[in-house]
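Chain nomenclature is as follows: A, B, C and D, assigned in order of appearance, with residue numbering initiated at 1 for each chain independently.
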Amino acid sequence: MKFETQLDGAVVPVEVTGDGSRYRVTLGGNALEVDARPTGAGGWSLLLGRASFAAGVSEEEGGVFVVDVDGETYSIRVEEETRYIIRTRGGGAAARGQILKAPMPGRVVMVEVTVGQAVAPGDGLVILEAMKMENEFKASVAGTVKEIRVEAGQAVNPGDVLVVVE
Amino acid sequence: MTPPFSKLLIANRGEIAVRVIRACREMGIATVAVFSEADREALHVLLADEAVPIGPAPAAQSYLSTEKLIAAARATGAQAVHPGYGFLAENASFADACATAGLVFIGPPPAAVRAMGDKMAARRVAASLGVPVVPGVSEAVTDDKDAARIAEDVGYPVMLKAVMGGGGKGMRLVHRREDLAGALRTARSEAGAAFGDASVYIERYLAAPRHVEIQILADAHGSTVHLGERECSIQRRHQKLIEESPSPGVDAELRRRMGAAACRLAAAVGYVNAGTAEFLVDARGSFYFLEMNARLQVEHPVTELVTGRDLVREQLRIAAGEKLGYGQEDIAWSGAAIECRINAEDPDQGFLPSPGRITRLSAPAGPWVRNDSGVYAGYTVPRYYDTLMAKLIVWAPDREAAVARMDRALGEYQVGGIRSTIPVLRRILRHPDFVAGRLDTQFMERLDDATVPGRHRTVALIAAALAAYERAGREIPPAPAPTVGPWARLGRPGSSGSRPR
Amino acid sequence: MTPPFSKLLIANRGEIAVRVIRACREMGIATVAVFSEADREALHVLLADEAVPIGPAPAAQSYLSTEKLIAAARATGAQAVHPGYGFLAENASFADACATAGLVFIGPPPAAVRAMGDKMAARRVAASLGVPVVPGVSEAVTDDKDAARIAEDVGYPVMLKAVMGGGGKGMRLVHRREDLAGALRTARSEAGAAFGDASVYIERYLAAPRHVEIQILADAHGSTVHLGERECSIQRRHQKLIEESPSPGVDAELRRRMGAAACRLAAAVGYVNAGTAEFLVDARGSFYFLEMNARLQVEHPVTELVTGRDLVREQLRIAAGEKLGYGQEDIAWSGAAIECRINAEDPDQGFLPSPGRITRLSAPAGPWVRNDSGVYAGYTVPRYYDTLMAKLIVWAPDREAAVARMDRALGEYQVGGIRSTIPVLRRILRHPDFVAGRLDTQFMERLDDATVPGRHRTVALIAAALAAYERAGREIPPAPAPTVGPWARLGRPGSSGSRPR
Amino acid sequence: MKFETQLDGAVVPVEVTGDGSRYRVTLGGNALEVDARPTGAGGWSLLLGRASFAAGVSEEEGGVFVVDVDGETYSIRVEEETRYIIRTRGGGAAARGQILKAPMPGRVVMVEVTVGQAVAPGDGLVILEAMKMENEFKASVAGTVKEIRVEAGQAVNPGDVLVVVE
């Protein structure tokens, strides 16, 4: 099975074959024999040759796998290759706007923009409060605020759309 | 040992409530937990002997409700209340209310809490005792013209601070005179919102100082001792991330002088119980009193591990009227201890809070590793309270060995399902300045500039791909979005429910 | 610190392999784990830098195979081998093989291992140095008539012991002369089967002695120190369950005398590295040398916690030829430490082994609690190796506080899916004799006589009923067995798939 | 729902009603309100009034629930009441013999009896080795050895019948 993995902007093709505990993983052209055993609750014991790693893998929304290994954390988007091709071709002309979603549960402290307002990258859009911390979310593109779907004081859940910039 | 109380209520949650429960259990004291609607399954509820609901999730309606806390103590027959840190720990009115209800408040007398809660008053006490304070004024500045004159006297850059402040709110660093008026405005506004008192004062800004604090213990019979210092310079936005004892920047003589200053301050305000005097230490080893924290600190375990003294136990003994039973000459320090704060924050996204369910939790263990945690595997970290999940503390005979041990322990720590500060803590531990003990409050800015490539990218990619592969073998994936055109109908390996080879 | 080795192989498994890996990681030494087919998912494999398979599950074909271990060390470029305890730890031939292969064996020189492996020879060395031994003969008894005469001289009751013995095999207590011949027969037979040498010797039986051992460290430059004693009287069938340091039955003077005796013994046989001299101590405080264990002991952590010295680190330094760097006068003891062995055994069924999958694991934590574990949630404890899963160790300033802390920690420990010794450990901790420090090797027999009703029967019944209720709500139960007659067709609430109310 | 619980030989009827997190548990005639929450992997947080307990519950074969609470362990057989009645009536004349089953995986070290041999309670039947320990299993009844289903050296799994005594 072929995947495209995305980590920090780099796209790396990875092919996995095998079964049970013995896998062959081809990564950027290099084939590796991997002895991998699930150890419960998303834990994996990996032997790459003799090198041993205990990795924790959690799946997040959107096919993102968060991997903890030796005190480091990696967020990796993994897509089956065909889907990746479809998505990137189909969405080749991806809207250049920004759909700001809540990345965590929280409460809206302030909406810093109004509909129709022009924004530049880095302009504050919304301040969300969670866990006693206020966090400002900024525009990543230049454009015009098309929609504001929340108001101050409102509780939001992860994935809720807050502001749409076109 | 006869327990100093038969039953105690903990007016807090999270790891500190668990810490107090453990101390009580070891002393034979029954424990009462309180919990908001968001905390029914919190660890402190599971571990306490009794648990009392005190209302809705927002702290103002539960953990900050004096009325509900006192009612819970009365209903359960508790004799004493431990406030932990945060919430009502330094609220003199709460301490008063406890006294009125016949409950022993585990903390200093209300008068001492009040004396130390007003930062200006504390500054004046310090100055009157000959304890150095950061140059600046010892009164709130109300007039902008006065402020401008004072700032010139003190010398730019200056720091604006809230009189009733704490935790960085109402603080503003001002580099140039033309920015002063605007900074005064926002600092007053923040202070007013946060503390109900908009007063601010002006201090000289010390560039890259160390943040060093002294732990004291005072009994109700006039004995006060200090337990040495904690180095707390590793901060981000005034939030401590790593603390240690001893400080690599404090020698025995400086420890003696700072310790004596802290004890003088405590004695002057009639302080009883555990407390902490915060200081800034500049590059030349001069120290300046900042404020006194009238409570147990988050970072108290590093002091416990180098002195062998259980600070929560001491708090309870002192509050029950017992004598310390030892003097300054009995306090000895051994080895080095470091604490790392494991917060539910995503260091890759500007330390964004990361509440949610912990799907996987693997805590480090083994020799001289202590984990003071308020969470467990399967627990959902609520979005209502602070991000501290656990404190990882290690001890070793010297700092080099302690750093190596902490590095080892962080490597074993895994928190899945939500993000944590573990990766950034490990980066700090391995930074040459940290290893060398070159610590100051600007450290985190230097760290942010350092690009650190991950060492295990390939392993992570393999693990992610294997997890995706096994998942594809178990599940029929959802169909692709219908809008993407003819490709959608073409080869969809993985959709048959069996694993493609 | 420069690491004494760049890479080390651990010829062991379980918690001790994990312990050694942690020490190596903190010292900057790369680690190689070895694993049998039953141990691919064992914790030591997960934590090591490299892992090498060494054969089938039975230890004789894997962990006891000198050939495979040496081959694994060579293949990975390891410079040193740590044998842990058990398996090949006291096998002089393995130490020889390591030396031949150019590998540093982390342990004493083979000659010292051989000298101490022969219990008779060790007895003779002790006697020659003026170290008291239990009255008896210092040679194997081959002739039954000699045996009868010796037993009369020594005085009944007498103990028969295997010359090459250990772990209780080949031991027989003989109360009356008419039982001697039969006991000799079975002791020889057991000794022959267990150690390949049927020789036994006779010792006076001490009633209810304490089992106390002295930890020593000796470098290759002639320095030998002792790190005080460990009290190991809480045993069942010669298997230690709880150990502590200091011993409540040893004062500073006795510690000094026993420590000096242990150091003399070590020096006499050219001992280098960590070792333990075992003694019996009778009710009058007289001590008798039993044997020298030429390895790290399971219970080494209690010594670590009261001395602040990392024994595995010391082993590695010594093996690398480093000097101790301190003398007896630098060894100080602080507080009290206790260790409990968390074994996969069912104390309610005569300590029957309980291998299997750990479905739930909640380990205690918090102040001065150390958990040295070889297992994790989801791990399957294999049936091939010993039952030790983890060691729970606590430290406190005094024994009373340490007992209270251990009791608290055991209350937090939960192992689900298999049985563990946790409940019996807690019963021991709460026994008046244990609390008072009245310990001897007969303690467990007194405990077995004590009936202890559970304090939480009602809660347990409720929890079990709730679990059954929730399970019934989730599943269609299987139909009752078809043989029970007409009742089978009648009212079967719970079979509809929805929960009956 | 009504259950019969068996603990150390005592049979206690327990009725459970309720839902989600609030239950009413009637135990030996006493009704208790219980706020119970699963905390993952068999863990339960129980509030009986204000009294708090963290219990771990594992199900074993034969409807036995092993409960860990505050350092104590209880093995409790829980049967739905009707099934209990059926079983105890149907099996009222339970055979007085003994079917010795392996309680754990292990290896047979020795079979100490032969078919047809008379045994008394306490007589050794089989020695099993597991985890480097030898464990002798004894006759619980007086009778005659009817069947021996294993031999020395054989590996056995939990539940395997070793010896039948009639």
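Operating definition for what follows: a contact is a pair of C-beta atoms (placed from the backbone, for glycine too) under 8 Å apart; a residue touches a chain by one contact, two chains touch by 3 or more.
Please read all numbers here as calculations on a predicted model, not as lab measurements.
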Of C-D and B-D, whichever chain pair has more C-beta contact pairs: C-D
Chain C-chain D separation of Cα centroids, rounded to whole Å: 30
Chain A and chain D, separation of their C-alpha mean positions in angstrom: 48
Gap in Å, rounded to a whole number, between the CA centres of chain C and chain B: 39
Multi-chain contact sites of chain A, meaning residues that touch two or more partners: 41, 43, 54
Contacts with 2+ other chains: residues of chain C: 47, 362, 376-377, 407, 411
Category of the chain touch graph - line, ring, star, complete, other: other
Touching chain combinations (by label order): A-B, A-C, B-C, B-D, C-D
Residues of chain D defined as touching chain B within the complex: 21, 35, 37, 39-41, 43, 45, 47, 50-52, 54
Chain C partner contacts - residues on chain D that touch it in the complex: 1, 3, 5, 7, 12, 14, 16-17, 19, 23, 25, 27, 32, 34, 36, 38, 41-44, 46, 48, 53-59, 63, 65-76, 78, 80, 82-83, 85-87, 89-91, 103-106, 130-133, 135, 158
Interfacial residue positions of chain C with respect to chain A in the complex: 32-33, 40-41, 45-52, 75-76, 376-379
Complex contacts: residues of chain B adjacent to chain A: 344, 348-356, 359-360, 362, 377, 383-387, 407, 410-411, 413-417, 419-420, 422-423, 426, 454-472, 477, 480, 483-485, 487-488, 490-494, 499-501
Complex contacts: residues of chain C adjacent to chain B: 1, 18-19, 22-23, 25-28, 47, 301, 304, 308-310, 334-335, 362-363, 365-373, 376-377, 397, 400-401, 404-405, 407-408, 411-412
